[in-house]
Every structure is written in structure tokens, then in C-alpha cells.
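Both complexes below contain subunit A, partnered by subunit B and then by subunit C.
The block that comes next holds the complex of A and B.
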């Protein structure tokens, strides 16, 4: 695994400002140099499918824009003044101060400053997200744990039956997070649960965070991100958690996940099965309607599978593609620098589906190295491949005549709104996009087996319905 | 600026050019403050995120063909690279050149490096960039973390330049050092002047240095009319072009904020005369620019005829455009100097300038006196502007000006700032590429763009209807423009 990076798949811990923006009504306040916040916006909003500044993001984010004097004399005073002014100017239900490298190195105590400023009217928490502390996956953990730790310092749990909190994908870093969270919420509500989804347009906002201690169960849908928050809740409020490392994609894993939740919460079995059955019935009909394409074009479909993804997205998608679509595992490049325990979980979960996943999980955050490895493998295999990647991989896919799904940041080729790649709907969306690739003949040919251009054209008439 | 290149770091604009970040009043009043070098207003207490010198340094050093860039920083400072990559690739295509990708790596400074120092990592990163890209030269971008910890980047650069046999250019662009992000331009140029530029062996009498951003090839046809060639600098140029820019007949720029530091040093230390005329935006400024370049290159005899013919050529369409655009009100949000360029430009289209915000203001200018600042030149051609402000983005402030003067459209030159207008239902030209607006044809093109732009009003009206701002009523009702 390289530490020096050419093609970035994430930004620094301060990128968690975007996680704060993911909470409706929350305002990030940046205590850092003048350019830091903009960089996060550039990578995680523009560079992640043009997600926009939204309600409080982009250039609107309050920032100390720390300069020489804060570096020499410390920046706590400036932060204190900024906070007072922020309360006057910016509407907010929660203010989260995130510090950057300048404050981190000179040792500003942001937690203390925010503690001194926080009131009932303007609840404020502070976390150290200095860029050198790690990537924004880590930053996301720091933020959610910081909010729970500080906002809910005095909270007493009053458990409400059927209420669950969900910790899963990282807002903005997952380009599809908005759609994904809507889908996760939808399927859990399908079980009759009340869901604090915590981020996104389907969240009630900060009130959901106040409600965290009252949940009957915390659900972690990721191999490691969010796990610390769930453990913190267990220590603090006694809330049990269900750690489902697999972010479910498609029918099998989604149904399995829902059954696991139902079982953990001892939900009514019949009701659970009714919901799952109705979802599956719908899904299966869609799947079967793909049958014509799958059978007509069987020799031309992609079967070799490469994933360039974070732990959560990669694991869920890898399982779906091998379990339901019958793809042949080639490599899963895990980009988020997961801890060792998570790696073991991911490996075991993959091999549970297909032994061919053995030795195919590779930790590598530099996409330049990944691209090279994928290209070398494709050259050996000579099989139509499916690559889950990003805009970094566009040239590779075009050059090697393979299908690319824009699946992880950076994505500068598509505008993304409410699309999901998780759950039942995510499985269907994936199939739609994967097999559309076969018809994207400007970029992907069907000359896989040495067919000539002429044969391809004949084959093209078959595509339009001619008989030959 | 005697012996500017004799020191490792260029003096920041805050002290060298007396840059300011806050002002509200008339354009002429700001010009008066500038003449007296008097800070017109106190700093803000509430600030929204600004931008830093590292970003501007990148616009100079990240697009040199054949080069590599090492960010000596944590990953966050490196986060513009995907967007930059798109820009470089597309800009090369637009200029009719072979496209290429940005070739950069990040040393990825960790917590440990902030304690024990990050120089080993920097060396490894430089070596990796050298091995992986086989570059002609390597730029090292510093960062807040590296700067505060005190990593001696200069020594590593010198050692490794010797070891690898290529120029290695340290760029001191730590974000915390200057409040004016444009300081980053100077930091990038300073490195190039110190480590790459050579004393000229000859003069190329028909070569004109054009300091620009990633822009299209506007200047070949413009200069060809008086028998000259543009030497586009620095983005998309290669190492040899940077080495020999000192041989040019003269230097000019598309924006004074971008270029005056390097054009002044080239004049003072390398003998390349600087074009003392505003950039070619709008008719009068283009005329003056042509005349001044002609004077420096011995083309005075033919330039008047060119100007006359050009005026005649564009007049019919310009008349049409003026008719169509009559009555429109514009707000300009850019610069420092580029806002003034735009002022000169739109005035010639007969559009009324109802307000202007520049993103900072240099009260002094490298190599030019206050009388010839672009601010004064703009006031001279376009008249005074009543609603004039200086602020480094700060949408909470600009929203008030926009609500007050209600422009029909905006011209904006900073990423992520058109959205403010859009949320109010006002369409903007995002002036990302500015070469296209230069010269007589740039004037016509701007007019045509405005004509089309107005069509965006309907969809943006929907956006405005659905949008909600995060500002309190208290703030929106305040008389003050900022706190």
C-alpha cells in the first residue's frame, strides 16, 4: 500500500465538513487556513458528481481563514469571535466546529472553545479534523462520534420500541449517498421500523441526532465506518448494535439484511416476510425482464469483475456481482485504508460467496497504481470486463474496450441526483447501468472474440430485431 | 523590487502591495484610498471560507507540459487535482495542443510527520515523481502543515536537483501566510524566475510574452495583425519556453493581478520590457494595448491602420448587439484587476454596470503607479461605480448588494460563486476562461454570450422559487454589509 499518492480517492479528515452538511440544519464552522474548506468542496461536491453547495455549503461555510497571527498567537480567540458572529448570521440547529492543520499544529483547543460557547439555543460541538490526522473516512468517524459525545453529553435514554439509528455510507464521499440513504430508510420502514437515518434529505435533521439515545438498536452498515459511534452509544446509552459489514445490494443480501434486523429486534415474522416477499416479487420481475438481453448477448456480456471502491460499497457490490450476476472475481482494490479487523471481515465475507475471492482483496489508496494493475490483468485475461471505478479510470476503460460504472469519487463525468446503488433498487439500477454498457457502442465494442467490424455490424442488426 | 529573485520567498501582497479585503463605497473613493495607501475599512469579524495562495500557485505551476508537481501536504490540499485534471486536458484541446494530464503526487503528510518532520517523505515523493513521470522539472508546493512544522523544502529541492539533474522548484504558497490568495501567483512565478528562467542570450523581436490562465489561442490572430507571435505563459508551456521567456520582445498579461509581479521582474532583472497599458478588454484598452506593444516592437507604423480596420470590422455587429442588450444591468464579481477589465468590456456593449465586487484589492501595483491602476483606467473609460465593494467571496455580504441593485445578470470569475446569483434567479456568465473575452472579437463574443445567457432566467426563476437561504432575518435586515 502506498502512502505517497498520485490519484486521490479521498481527501483529508477536514472533508468531514461535508458530513456535517449532510445533516439538515447543521452548520459546519471551519477553523483552518483560508483554502481548506474550498478544497473539500472541490473534491467532495464538484468532484463527486456535481452535488452542489446545497443549503449551507460551498462558499457559505463560516471559516476563521486562519492567517499568520493565529499561527503565532493561537486562534482560539478568533474562533470564539467567529462563533458569536455565526450565531447571528447563520440559521442553524447545530454548529459543528472542525479544525484543520493550522489549529491542530499550534494546539488550539476547539473542544473547549465550543464547550464554552454551546447553549441550548445554539448547540455547538468541536472536533479536531486536522488534515494530517487521516482521510475523510476517519474524519467522518471523528465528527459523528464528536457529535454524539458532546451534543448528547447529558442525554438519558428513553428507549422507543421500533426506533433504529443507521450508520452507513459517508455523505458526498459516496457520490450516491442521498439515494442510498433514502433506499435504506425505505426498506427499514418497510419492516415497520422508525428510522433515524441521520443524514440526507430523508432525515428530519438535528432532532434525529437528539433522538439517538432512544433507539432500540443501532445498525452499522459498513465494515468499519460508524462502528465506533455504535460502540460509543452502547457504552453511553446501553444501546445494542447490529454490525452488518455488508452494505446490501440486490435481492439476496438485502433480504438477508432485513431478516437479520427483524430477528435482532424480534419483529413479527409474518409482517417481515410479507414485506420482503412483495419487494422480491417486484425485483424478480425486473430481473426476468433483463433475461432477453442476458441470453441474446451472452457471449458479449462482461464477466470479469474489478472493483475500485471503499470497504462498504466494494464489499456489498462485490457480493452482489458474484452472487447474483455470476461475475468472476478479479480484484477488489479497497481504497479507504481500513483497519486490520475490517480487512479480515471483508475477506471472510467475500469468500463466503465465492472462494475465487481468495487473495483478490488489495489495500491501495493510489488509483494510479490500481489502474496499472487492472490494465495488466485485463491484458492477460482478454475477457470483457466490468470495472467499478471513477473518472480516473475512464481512459483505461475506453482503451481496453470495457465497461466502466462510475461508482466512487472522483466523478466529473456525470451529474448525480437521487440515484442509488444499494438495496433492492440499487441492484436494479446497477443491472440497468452494467448491461446498458453493452450497447454503448461509441465507447464499448463487441469485438471481444476477434469479430471483425463487419460481423459487428451484422450483429448490430440482430440487436435491432432483424433475424439472420 | 530590487533583486527580487535573490531571496527564497516573494514578499506577500498584504505588505508588498497593501492588499485589502474589505471596502464599500464608490469606485472613485477606493481609488482615493489607494492613492493614499490608507486602509479603508476594518476586517470582518464574520467570514465565510475564502481561498488560499496554494490554489493560485497551482494555476501557475500545475499545467507545465512535461513537468511534475509534488504537493508536500496532507491529502486535503491535493483535493483539487481531479477537477484540475479535467481543466488541463480540455484547455490544451481548446488551444489546439496535444492534451495531457496533470502529473502530481502528494507526500500525504501524517501526524507523525508533523512531529518528526516530513523531509524524508518529501524526498521519497520527489523521487517517485521523477521515476514515474520522467519529468523535465518538478515543482514542490508547500502547505500550512509543512510551513508551520518548518520543513526545509528549499534544501531538499537543491539537493535533489543536483542528484536528479533537473530543475526542482520550491513554491512557498502556504495558505496561512497571506490573506490575498493571489500571493500564490507570485509564489509560483518566483520559483520559476529563480530556478528556471535563464539570462537571455538573444532577443526574439517578434515574440510577446502573454501571461494567462488556461485559455484558448486568442492572441495568435490578434498579434499576427502586427506581425508578432504570442508566447503563452505559464500554463501549457514547456520547460524550454519558461527558460527562454527572457528572450521575448516584451511581456503583457490578461489580468494585472495575475501578471504584474513576473512582468515587472522580467523587466527589472532580465531586460524584457513590460507593456504599460491595460489588458486588451474593451475597445479603448485594446487600442492602447496594441499601440504600446507596437511601440515596444517597432510596429508603430502599421498599428494605426490595424486599429482602424478592426474598428470598422466589428462595428456592424457591435451596433446590433448594443441594440439588443440596451437597458440590461450587470453586476461584476471578479478580480481584483479582472473585474476592472470586465468593466471596460461591458461598458462598450452599452450595458449598465450597477455594481462591482472585487475579491481583494491591491492598493499598490508592481511596476505601475496608482494613476495607471486598472481601477483608475476603468473609471476613466466606464465612469464611476456607485456600488463598489471589496470582499474575498463572502456570499453573506454580496447577497445584500445583489438584492439592492437587482442586476439582470452577473459576470463572475471565481468557482462556486455564480450559485449565489442563481439562487436569486439571476443568470451569470462564469468567466472561467478569459482569453476568449480579449480583443475586439472578445467584445463581440461577450455580447453574444449575454444574449444567450438571458435565456437561463426561466429555469433559474424556478431555482430561486425552491431555494431557501441559510441567513437569519436579523442579518438580512441589518443595514451593515458585513460584521
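The block that comes next holds the complex of A and C.
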């Protein structure tokens, strides 16, 4: 049964237009009503750290602007006309038609229309991303599987040793996707691998998608997003896949992930360990330099951990904060509405970190409900807390005087460019931001760790060196 | 929806010959009115109406005017008095079927509760598709209201 969601943390399946924009040289073509595409852009680009239009994004996206006529008579002819016009004015290496609710309801066969139009010069694929099919995580899956299915219909694998494809974060929905993918690519290249990262500035664009069948291994870094694509590649091209449900964040998990990849591909052990050792050495130097701040400001550091995240980011961050920073798990609100099969995996992955995570996973996409739950919990615990959330949670953090890390969409308080919270560098960035939060908060409360109201009145905020 | 227990769903078809609907909005003169029969699940022709479109400022006669159909400004047909005249004639209809119309005129009509169906070609074929749509829509509405 459908319900109304307040303060949504995602958009509908049509939001996958942004995934298409994440592929250099790809052009999304929208077969939907007026306004649908614009709203996706507003939420997933502007509302995800002001990421801009990019090539053929935002107001440039071609759209059929389906109206009542298309509802009654079907919109396939209009789509065909739009495609012809698009080829004339928009240069692209791949055109991806995404249909919205109108087309989905009336039953327009976008796949057939694109099949009729697709040529070597203008390769075109069509996918049904009607909003009622699910959120944009689902839409992202539909798009990547659609591209593999249609673009690579006749492809034959010619396996190249050391080549891997990576299916991981959802572009734009993960506000840090550009930096995250660059970091994932960097660490995998550190093992001597050739990486088809598929999205972002580190990708060679559509040519990488043509290269997918030639990979020795597909790597899935998410509990469920991208898993279908890896399975499709296995069926179609015989490519094995490594499913790592947790995004590696920080030293321990990143090193473990790299060792797992190296073992799966039987890479040179010495070379692998050399790379890991050099990365860990650098990481530890940074970590040690933070020792003073950790000891000097220990009473003001956050301990309770609240995650309002999607399953991939949330699991990785939960592991990092629990295993490397020693935080106390309070709740993980999983917002991406994973399929039932993935829920068990997420639960198991969470409990594997620490038994303190047992019964702390809450599947909840409504951020208003989440905020209320977190606030109630904080009021009971009266312990300094760290909240991983979005701009929806700014008031919550200010009211409860706790640290908020802008970690998931929507983020309208920061401009995000090249930043990552994944891998070795992501771990360092997280520590930097978490502990900067001690000084950047509106004020530092003294009501922590059992201090009384009398003590607070006695010391004021002077203990922190002043509020800012 | 304009259809009520006493008011049938009406469709206005812009046509010159009664067979096709290849009429542009600015040339709209004759409209055939059809009513949807829920028993038969089809549209039945009821009457022919005429639009007095003499007030329309044609692009040929309004060169100095910055608006108007086909004058290259992209503003489309938005001679308000012309649109009002049309609304007077088809204001009781839920749909207007015609060959071509600009976005602004289309939106103005929609504000008056008239959905524009932009489709030329044979009227009979369009009527079949529209009656199929209306029948399904009515069934869905009945289901929603009874659930």
C-alpha cells in the first residue's frame, strides 16, 4: 500500500535521468509530462550539493512533455519525433530514453521506439522508469541493466586480464558520488587493475560501457544496487562478480576490501600488500596527528551514533564509526527502501559489525518520522551524539546541540565538488568533519556525560574555549 | 471532469469535412459535438456548432502585433477575445479534438476545464480511442469510489 512520505530522501524512478547524466557523453531523453524532469534535476542536482546541469542536463534535457493527447492516443509518435529532433541538435555517444508515469500507464513501448531509432551513429536505448515502479535507486538499476541489455545486445566477451567493472553508488543521489568513484577507482588502480568506473569524471564515458563484457570481474559495492546488473553480466557474458555489500570506509574496511579483490583475482600478493601498506602508513600518520584533539576535547566528543542513510553508505559508515572511532550504535534509519531479499543481508551485515547493532536497523524513508525518533532518543540518552543525515536534519542537530554530518541528499547547505567519504581518503575526511563539528556547532553543551545543570551554569561554555 | 449525473461528457471536434480533424486552432470554425454514452461505451454525434472567429487577429493582419499564430515570435495564438469566443461555444465540453494548437491557447482552455487533444487524421479512429480511454477511466473511478 502506498503512503505519503514527508521530507523524502529520494525521488522516483525517473530520477535515473541523473544516472544517465553521470555517464560522460550520454544524453537522457525523457518521455514524460512537463515538470517531471525538472523536479528530478531540482532535487538530485541542486538539492544534492549544487552539482550543476552538466552536459545536456537540467533545462537542456529533451522531453516529450506528454499531455492529455498522449494519455488518450499514446505518445510513441511524439517520442519518435523528439528522438529525430534530438539527434539533430544534441551530440551524444548514447541516448537513453526514460519514460515516466504517463507513458507507463498508457503502455507506450519505449523500448520498441528506441529499437527502431537506434543506429550505429546514434545508439539509443529505452527504459521504463515510470515513477510508480519505485524510487530512483530502483530507477538506477533499471537504467544500468537496460543499457547492458540493449546496448550490448550483440556483444561478445573478449576478457582482458586485470579489467574490472564497478557498480556502486547512485550518481547524484549520493551527493559525493564524483569523489567516491574517483577514490574507488584510485584504490583499485593501486592494485594494478584497469577500472571501468562507468560514471563520473574518472570514466572514459560510453566506451567503458561497450567494454563491460571484457571485464575479468564485476565488483558490486552495495547491498542491492547494481547487483542485478552484475548478475545480468554473469548470465550474458559469463563474468563473475564480487559482491561486497558494504562500501569500504576508512583503514580497516578499505584494506580488507582490497585484499578480497586481490584474492578473487589472484593478484600478486606482494604488490597488493605494498600498496596497502603505503596507504595505511599515510592514513595512520594523519590519524595520529589527531591524537591531541581527541584527548584534549574528550568530554565534548560525540559518542552516540545515528545514521540516516541509504544501505550502502550507511553500512560502510556504521562499520567505520563503530570499528575505528568506537562510537555507540543507536540507530540506523535505512532510507533507500531495499527489496526484501536485501533487507536480510543489510541486517546481517550490520549485526556482523557489533552485537550492539542488533535491533538498531529501521527501514524508514520518511525523514519527518526519523527526526522525531532521533530527537526522542537523544532526549532520553542525554549523550553527545553524531548524526549522519541531510539538510532536513539541520534543525534537529541545532535544537539538540549535536554534530550533523551532511551525508545524504538533500544537501542544500554545502556546495559539493570533489569530496569523498569512501575509501582511505573518505575515512580521513569523515574524521576531519566529525571532529571539526565539535568546534563548528552553534554552541557546545555542557550537559554531557553526566554533568549537572549546576555545573553547566558554573562553567558556561568557557570550557570549550568559547562558542562559535 | 465535467460529467455529472445530469451532464453528459461532451467532446468538441474541430473539423471542416466531418471526417478528419486536421484543423488548426486559428482556423477553427466548425465543431461537431459528441456525447459519451456510458451504456454503449461510445461517443454519439449530437450537433454541429459554429465558432464566430472573426475577432481572431490573424498574423497576416497583425504584423505590428508582437503576438499571434505563425508570426515567428513563438508566442503562439493568444488572442484572448478569440479564445473567449471559442470557450463560449464549447465551454460545456470536456475535450476539444483538433489538429494543431499552441501551448498557450492549450493552457488557457485547460484552465477553463477543456482538455485539448491534439490529433489530426480520421475522427472515427480518434473517437474509438477516446471512448476506450473514457470507459477505462470511468471504471477506475468507480472502483476508487467503491473501495
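The working rule: the second predicted complex is superposed on the first by the 439 of 468 C-alpha atoms of A that agree within 3 Å, B and C clash if a C-alpha of one lies under 4 Å from a C-alpha of the other, contacts with A are read in each partner's own complex, and residues count from 1 in each chain.
Keep this in mind: a contact is a pair of C-beta atoms (placed from the backbone, for glycine too) under 8 Å apart; a residue touches a chain by one contact, two chains touch by 3 or more.
Computed from a predicted structure; not experimentally measured.
For the composite obtained by overlaying on subunit A, subunit B and subunit C cannot both be accommodated without a clash. Shared-chain residue A:14: touches subunit B; no touch with subunit C. In the superposed pair of complexes, A:67 makes contact with subunit B and with subunit C alike. After overlaying the two complexes on the shared chain, residue contacts for A:58 are found with subunit B alone; subunit C is out of touch.
When the shared chain is aligned, no partner comes close enough to touch A:125: not subunit B, not subunit C. More residues of subunit A are in touch with B than with the other of subunit B and subunit C. In the superposed model, A:6 lies in contact with subunit B only, and not with subunit C.
By the touch criterion defined above, A:169 reaches neither subunit B nor subunit C. With the shared chain A as the reference for superposition, subunit C clashes with subunit B in the stretch 38-46, and the other listed options (38-46, 236-244 or 398-406) are free of clashes.
Where the contact sets of subunit A with subunit B and with subunit C meet, they give residues 67-68, 71. Those residues of subunit B that touch subunit A in the shared complex are 45-55, 73-83, 86, 103-111, 113-114, 121, 124-125, 128, 132, 143-145, 148-149, 174-179, 181, 392-396, 415-417, 419-420, 468, 470-472, 474-475, 483. Taken together, the subunit C residues at the contact with subunit A in this complex read 95, 106, 115-119, 126, 129-130, 133. The residues of subunit A lying in touch with subunit C in their complex are 67-69, 71-73. Note for the complex: subunit A touches subunit B at residues 3-8, 10-15, 27, 30, 33-44, 46-47, 52-53, 55-56, 58-68, 70-71, 81-82, 85-86, 88-92, 100-102, 104-106, 130-135, 368, 391-392, 409-410, 412.
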